[in-house]
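Please find the structures below.
Two complexes come next, and they have one chain in common, chain A, joined by chain B in the first and chain C in the second.
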Partner chain A sequence: MPIILENVSFSYSKKTPLETSALRNINLRIEKGEFVGILGEKGAGKSTLLKLFNGLLNPETGTVRVDGLNTSSREAKRRIGMVFQQAADQLFCRTVYDEIAFGPLNFGYSRKEAEERVLEALEAVYLDQTMLHRNPFSLSGGEMQRVALASALALRPDYLVLDEPITGLDPVGKKEILETLKKVKDEGTAVIAVTHNLKGFFPLLEKIVLIREGKIAFQGTKEDYLKTGCVPLPPITSLMRELKERGLPVNPAVFTVEDALQEILRVRSVIEKESTSNTGK
Partner chain B sequence: MHEPVFSYVPGVSPLHKLDPRTKLVVVMLLGILAFRIENFAGIGALFILFFALTLLSRLPMTVFFRAVRPMMLFIIFIFLAQLFFSDGRPLATFWVLQPSMEGLENGLTLVSRFILLLLFAALLTASTDPSAITCGIERMLRPLPLQWLGISSFELATMMNISIAFLPLLFERVERTKAAQAARGMDFVKNPFHSVPALAIPLLRGVIRDAEELALAMESRGYQGKRRTSMHELSMQNRDWIALFVIVLFIIIVLNL
Partner chain C sequence: MIRLEKVSYSYPDGTPALENINLAIKKGEFIAIIGKNGSGKSTLALHLNGLLKPQKGKVIIRGMDTRDISKLPGIRKLVGIVFQNPETQFVGRTVEEDLAFGPENLCLPPVEIRKCVDMALAETGFEKYRYRSPKTLSGGQGQFVALAGILAMRPECLVFDEVTSMLDPDSGTDVLERIRKLQRKGKTVVYITHNLEELHAADRIIVMDKGRIVLEGDPESVFADPSLQSLGLTLPSLIELAARLKTCGVAIPWEKTSSPHSFAEEICQLFLKT
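Entry: the complex of A and B
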């Protein structure tokens, strides 16, 4: 069963002079095990959309169902793990252990069960057990974000929802989070990320939802997205597309510098072969 | 870096092992006792008890005296006020000031009481993990009909935990904001009318935004302020009952001194 949004609209400051419509007529379906990227400009309504998934906001019209459940139900909340941008603003316990155990204890799991989940989540985010008794605020940005991730994973969610999870991290921290997300996805959890960091995320994404001014401008596979000629794209993909438009016969569907290099080298060898066979004639 | 006052010092002493509720009750009882006794023998007995408990806690004495140090100015002030402004037999005369015998006695008892209160509180916080203290308070408040006030003991415990965690971060934020404003030429001493809003507005905005973020993050992890399981399941052991019995006995003896 997936997350299904049907005809969802949402406005902030309803029935006041400050009323602003954030989302209009959203129809969306997210399957288990997918890696979905939600793209769009600042203020397009991406974060609002995320908050509708786990009932932090309720839609004004339309319905949001998680595996057929209403988002206000406890079980729906457990199935959706959520991580926000600033890890430092989400943590508050005195030790990493208490932080990760916070969710399971809220759902009334026994101490033993909670401990099991803490260790499991810690392993999932590649942190070692010496971290458990440290103060989360003494950790680096990347480590803090991984603790925030672990505290969401401790509930064993079916869908992991992330709002700009790698913004503001150093390159090492970014790489660590991306690796963790890939692993989580490979283990069968859907990962849904709002992001501006296409360089890091694009290679991992399977499905793309593009939001423009509160409406869905595109939803579908990454391959279809490339065909539509939509932006944003990762810088390297934009470059390849530009090269193609200028007449170089490259395949623009590459997302890493390494792949782009291979593709350009391939095209060069093809051109060289053609020119030698031409001069041979 | 601020010197840690009233901070937890991990250990495995008999005092560390006691249930936080036992320690809370004992500190409350001793605090009341400190203000009930009138004679020096009782105060002496309380100091002896404090030193005995310190030995039992196997912690260095400096940990506890650090708690008294920030209050020293206040303590000296009340001692001097008592000494010079109590009526009674004059000890000597310095210009217009006349320290009296009664003043000396009053001053010494009052100061001893304050110091004892601080020392016992420091003994509690040094030997008990703060999360265990909040857990103990939560457990003690649970039977109270707090729901009539629209709150639960669990909410109170969470509030206490969050306050403890965020106080140092708040100081950090103040320092950061101060540095940012000073970098733009703000003089905090010269023009307080400008500098106070310049500090308070970004600070409040930041704190409220953080609180909102934290609330969302907590809700996302299923927090709802109701009964939840806890990592510290408290249970009173024989040693707790023995400790309470000994302290009650001590109080009865001291009151009859």
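Entry: the complex of A and C
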């Protein structure tokens, strides 16, 4: 069963002079086990969309269903793990342990079960157990982000919803968190991420939703996204697209430096072969 | 313009954040500071306008010592900092009010304040948000307003601490363009980032690790330094690709690695010349 949004619209400060329309007429379907990237410019409505998934905001028109459930139901909330843009906004306990255990305890799991989940989640975000007794607010930004992710993972959600999960992390931290997300996805959880970090995320994404001024400008597979000529693209993919447009026979669906290198070298040898055979004639 | 002499700083819990930092920042320079989480970048930034004071050594801003409280207003007028999380620096109920706070604090006459605010709104293209509450803006828009807030104070030196982290690539490029424009007008820019893709145009890059400066130089030489990987930093993808192509006999000149466009141009010239 998927998350389904039908004809969803949302405005902030409804019926006041400050009314602003954030989303208009959104139709979207996210299946379990998908890795979805939500892209778009600042103020496009990306974060608003995420808040509709777990009932933090209710649509003005249209419906949002999680596995057929209303988003305000407790069960729907358990199925969706949410990590916000500012990790500090969602931390409130006195120790990292309490923070991560809060979700499982809140949903009625036993202390023992909660502890198991805390340790499992902590390991998944590459933090060691000495962290458990620290105050989450004494942690660095990157560590806070990991704790926030761990507390979402401790619920073993079916859908993991993330708003810019790797900003503020250094390259090693980014890589670790991306690996965790990939693992979570491989275990069958849908990962839905708002991100501007195309370099890191693009190799992992399967589906892309591009939002422009509150409307869906594109939704579909990554491969189709590349064919449409949409932007943004990671720098490497932009380069390959440019090469193709300039007449080099490269495959533009390349997302890593390694693949780009192989593709450029392959094209070089093709061109060299052609030119030697031409001079041979 | 800014000089750090043997600066050391530890946080109250004893964590050393800066150790024996010596650094001179020239007027009009675009200097970038990189390093992994916890390397001391932000602590260094907070020293540049006296928000933190060195426990050892000194920080001199155009002849003024940051430890001298009477000099702080003068220092804050010269050096403005934009932080990573815009929400931590909003004070006004509307964007306009928020932007007016800085100039008002500098005791400018009302007419001047008005001018500063209008200019900052115009420079960021945010006139339409003038009467919005900064709290209702999205993360990226918030970063823009925080930036405008500093511009309104017209400082001579701007310090940016990961200001593009929440921006989409286009807005990020846009912010960088604006920053470069400011620098061309003679402003000094200190730019802290994790995103090495942004640093092609910097005059100088400082790499920090464990509170020390471990590497320093122009982007070309810093990016070519083999120790960068071991410091937990990854190269911009185009520069990494250029380095690997070079070992395979395809040499892309440094200045062509700044954008996919110029990179593609160069490859086509090399491959299609016959």
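Some points to look at:
Criterion: the second predicted complex is superposed on the first by the 276 of 281 C-alpha atoms of A that agree within 3 Å, B and C clash if a C-alpha of one lies under 4 Å from a C-alpha of the other, contacts with A are read in each partner's own complex, and residues count from 1 in each chain.
The rule is simple: a contact is a pair of C-beta atoms (placed from the backbone, for glycine too) under 8 Å apart; a residue touches a chain by one contact, two chains touch by 3 or more.
Please read all numbers here as calculations on a predicted model, not as lab measurements.
Between chain B and chain C, C contacts the larger number of chain A residues.
In the superposition on chain A, A:217 makes contact with neither chain B nor chain C.
In the superposition on chain A, contact is made by A:47 with chain C only, not with chain B. Once chain A of one complex is fitted onto chain A of the other, the partner contacts of A:141 are limited to chain C, with no touch recorded for chain B.
By the document's definition of touching, neither partner reaches A:4: not chain B, not chain C.
Of the two partner chains placed by superposition, chain B and chain C are both touched by A:86.
Within the superposed three-chain model, A:74 lies in touch with chain B and out of touch with chain C [touch as defined at top]. With the contact threshold set out at the top, residues 86 of chain A are in contact with chain B in one structure and with chain C in the other.
Contacts from chain B toward chain A in the complex involve residues 130-131, 161-162, 164-166, 168-169, 209-210, 213-214, 216-224, 227-231, 233.
Note for the complex: chain A touches chain C at residues 12-13, 18, 20, 39-44, 46-47, 85-86, 138, 140-143, 164, 167-173, 196, 198-199, 231-232, 234-236, 238-239, 241-243, 246-248, 257, 260-261, 264-265, 267-268, 271, 275. The touching residues of chain A, when paired with chain B in their complex, are 51, 54, 56, 74, 77-78, 80-82, 84, 86, 89-90, 92-94, 97-98, 101-111, 114, 137, 148, 151-152, 155. Of all the residues in chain C, the ones that touch chain A in their complex are 13, 35-38, 84-85, 87, 132-133, 136-141, 143-144, 162, 165-172, 194, 197, 232-234, 236-238, 240-241, 244-245, 248, 250, 260-261, 263-265, 267-268, 271-272, 274.
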